[in-house]
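Same chain, two partners: chain A is paired with chain B first, then with chain C.
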Partner chain A sequence: MTSKPVKPLLEIQNLDVTLKNRDSYFKALDDLSFNVLPGEILGLVGESGAGKSMTGSAILGLIEPPLFISKGKIIFKGKRIEENAISVRGSMISMIFQDPLVSLNPLRKIGDQLVETIRTHINIDKAEAITYAKNLLEEVGIDRERFNAYPHTFSGGMRQRVVIALALAPNPSLIIADEPTSALDVSVQALILALLKRLCKERGTSIILITHDMGVIAETTDRVAVLYSGRLSEIGKTSEVLNSPKHPYTQGLIAATPRIDADSLKTKLYQIPGTMPDLSEIPDGCPFHQRCSKSIPKCSENNPPLLYDRASCWLLEKESV
Partner chain B sequence: MLLIILRRILQAIMVLLLVALVSFIIFRYVGNPVDNILGQEATLAQRAALEEALGLNQSIYIQYFDFLWKAAQFEFGNSYRGALPVSDLIASRLPATLELAITSAIIGVSLGVILGIYTAINRGSFLSNFILSTSLIGVSLPTFLIGVLLIWIFSVELNWLPSFGRGEVVDLGWWTTGFLTLSGIKSLILPSITLGLYQMTLVMRLTRAEMLEVLKQDYIRLAYSLGLTKKQIYFFHALPNILIPVITIAGLQLGSVIAFAIITETVFQWPGVGLLFINAVYYVDIPVMSAYLLLVGFAFVIINLIVDLTYLLIDPRLRDNQLKLEV
Partner chain C sequence: MSFLTTSHLSRYFDLSEPWLVRKIKGQPKKLLKAVDEVNIGVERGQTYALVGESGSGKSTIAMMVAGLLKPSSGTVLFNGDNFFNPSLGKIKRMSMRKSVQMIFQSPYASLNPRWKVGDILKEPIKAFSLIEDETNQINRVCELLEQVGLSPRDMLKYPHEFSGGQRQRICIARALASKPEIIICDEPTSALDVSVQAQVLNLLKDLQQAFSLTYLFISHDLAVVSTMANKIGVLKQGILVEEATPSKLFLRPEHDYTKMLLSAAPDISNASRI
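What follows is the complex of A and B.
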């Protein structure tokens, strides 16, 4: 049962991100802790506003006032980076954004943008950088002859391939993919995800895949972390979490995922009652208890810690995992 | 691409023809040229002779084409005052105005862009706020007051710079320039600051607003997340994307500075076309006014044509298909 523990690539420990609004403070991320192992794909899932993208921005040091990191550590390869993210930005951790149509500078050739990124991080001359960039384009499935093309001449899926090439260019150890396929056609989504997965497995690059799509989680990730109101609800191996979710919120998310089969035509899709509370209205106790059908009195009194390294829910106290 | 350029040039010519029409109508119909030249006491024979000489008895179309033909050769008839050719008057005044306008535009646009970028990047810092609120004073004070203030400080109190005129100029045959003598350059300083201040404020505020908008774009966030330096992001990613509105406004400003530097030219007794125009209005010197109108129209059209062609240089999307403008 005991395997030798792998040293994590990225550790997030008790991270708080606070929003300052005049004299009030609201926690956008609350005591968030999780690890990313080398080479793994970790999914971050939750409703809009749960803090998924903010976690990504916090890792890269892209949090701007009125938001700030108020507590906790972000440790990358054994070094704390929460104060000094610029040292890893691009070179070791890079990011892919949701909308490829606006992710590339419209006035500059894609080749130019690639060469610029490559030469910022890798000490090679221009001719080598051009060859390197053309090889990268080929790897992501773009004809190397299009090196001098402008972004507007590409489709959305092709532009996301260019963005992936940009993110991979400095050979990072971790890529944060923030909803990389949400803006794309369904037919293109699977291609892009498969490409991202293949390239990262080949290079041993870890991915934090931010999404609200449980289908994407199931297809792509090794482990999954479920966020709710800036807190970690549940974390575990993707197969375990999807097959036997422990947190009622995770159960709700899975039940609310549309399926295409004979039954789905007869039954109505499940909805989690209510909406996620605004930052200023997060209740005492478990933030989910007001929407939870299984809540017990204790839920409204104390916020549950992560139990059995699996889920933050008082119901787990009674049973064993 | 070539088609787009040709179409733009064609548009420019159409606009010029329209301006010429207005200019012609003023020339021909504001007052009667014959009365203006001969006065009330002239005999009918004299009037007929002058009408014949000026071609006023021909059909209106022929007169218009005649006007165009002469204008194309830079001939606008004689001024009613002093009977000098209008073209000579303008040619002797134009260098002064153009040198003033271009100097002030260079000061205004370069400082405006630099300060605009600075205040956008260092948003909320003490210096940015100071620059922004000072610039507000710059726009609120009327030009003549700024001119008079500058004269008071730098000419009267400090006695550093001349308060009027162009100083010594060097005659290059077809152009007189103040750039080549010390007194010419000294004379240029106060009027060009007076004229450039408003442009600087305008360009600065525009640059700042555009910059703040562009810095929110996803491609800037991507550039940050790729670990590019701030210099790379500000100058190679953000700046090119604000150039189109900034160049548009700078071009319009340059046009209006050439055309309407009248107040500044009056305050500093600058011997430019603005002063010429004011005097023409005062004495109802119709040929000068109509030629001036044509000149101003020409300046605006040329500047806008250049601005339009610069768009194509900056934005590849416009080069490929100017109808599909994605924002």
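What follows is the complex of A and C.
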């Protein structure tokens, strides 16, 4: 085997997204850096407002005023795309949204929507596109005969399958899935995640899976990045992060997640005190230090960088010394 | 007898075509059995959880238990009293309403955005004429806010000034206002983040101990249910397929549907599976 490291598909380097409100500026994403390797599933996890979806939007160039990218690079296949994401949007990076009912046009047959997407990105004639679309439908587990059906005749899980077919249609190298199963039942969720995982492994497509559900992260992703207040608090292999979290926030988040366990009735869930600060109220130093049970004086003075490519926490520095 | 009992509780919805269309096409009536012959018993001071997927009839049962929806057949009994007993007097019905309260899924939709929190909490106190005196009403509101971990000053704010978790606390305070015996929690934490969910679930547990409350807890999340319930009922398309204590349900599920739900539920302990 070669010792050469795999070249990442997508690199995000020191990305800042800033919100301008009158004369004040707030950082929605603060110095965010991570890579996505070819064929891997990277999970982005965090609470509402942590910047998960913002990261997805930034990659696709969907950041609009009053938000703007104030610093940093987004490099996709060796090219910087933060200025002209339209060149890759849809064709090389596609997106799956949370609510499948909103992402499909209710007035058009799913077949027409598929054919339109295919012909926008791939140069083939209509008859070929129809065959291609029908094959895609079959691949995501929908009967070819449903080609001419309208979205409202499908159930939520089936609609999400159609949306996956739409996302896969142009053969993208990266799919950003923003809470793809949050609106679905558990049994359907398991099927959809398995489908997404299988199709992407077959095609070598990478996925950025945005979710707030640690269970989904545990069962689906290869690596996971934990976001807090627009900053990366921890990143690493999913099994390592979940089994031995380094950042106190990740530790708290994992301890607060209820587990299916016959004995958990007797104990109380761990609770992180307080809530995530508002963008305008992010404290100096580490954004988590006010809620952190292990904070040291340094935490309130300086914002820790990502240490050992793992966690942004000053405690890690001590650990090694 | 249990504190809350439902016997042969059923609710059917008529989805048939109009009469004339049915006659022409020769179709029979079409009934949706949303809840079909459900028998559950909830003991005082305990938590009974109903789990199942969307459309399994969880919320329909909650509505019938709360007296908001009339059962097609069967009865709901609280301490031996039935909401829909026509001979039940007005005063008796009022006191039953007082002892049954609900917490809903979305704390965004269940608070009136134009009312101050103080007014929202005063509403049940006034509606059931619990306290007549204005100053005492305000004192009670302060007490309620403190019980759910909010500050009495929050009484003057509007719901939009609070986060999702804080709003759910307001909903809980409102449910507590009439000093109920049973609270029906319909997916109380589905709209909340994990860390906030832990806070709300712990609060519900504390309040249960403090006021010896009975909960009918409705959720689709087996992990949440496992931290709350003394007894779990699994619903599938309106039918109660399995009923057991958590230790039995999670370790030795009997029905295939329960097994399927357990295996499909994403669980954080499964990180090693990859």
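In this text, the second predicted complex is superposed on the first by the 316 of 321 C-alpha atoms of A that agree within 3 Å, B and C clash if a C-alpha of one lies under 4 Å from a C-alpha of the other, contacts with A are read in each partner's own complex, and residues count from 1 in each chain.
Simple rule for what comes next: contacts are C-beta pairs under 8 Å (C-beta built on N, C-alpha and C of every residue); 3 or more make two chains touch, one makes a residue touch a chain.
Predicted, not measured: the structure shown is a model, and the values here were computed from it.
In the superposition on chain A, A:128 makes contact with neither chain B nor chain C.
Counted by residues of chain A touched, the larger count belongs to C, out of chain B and chain C.
When the two complexes are overlaid on their common chain A, residue A:11 makes contact with neither chain B nor chain C.
In the superposition on chain A, A:117 makes contact with chain B only, while chain C stays out of contact range.
Residue contacts after overlaying the shared chain place A:189 against chain C, while chain B stays out of touching range. Of the two partner chains placed around the shared chain by superposition, chain C is the only one that A:242 touches, whereas chain B remains out of contact. Common to the chain B and chain C contact sets on chain A is no residue at all.
By the touch rule above, chain A contacts chain C in their complex via residues 47-48, 185-187, 189-190, 193, 212-220, 222, 238-239, 242-243, 252-254, 256-265, 268-272, 275. The part of chain B that touches chain A in the complex is made up of residues 217-219, 221-229, 232, 236-237, 240-241, 314-317, 320, 326. Listing the residues of chain A that touch chain B in their complex gives 60, 62, 86, 88-91, 94-95, 97, 99, 102-108, 116-117, 120-121, 150, 152-153, 163, 166-167, 169-170, 176. For chain C in complex with chain A, the residues that touch the partner chain are 53-54, 163-166, 193-199, 201-202, 205, 220-224, 226-230, 246-251, 260-274.
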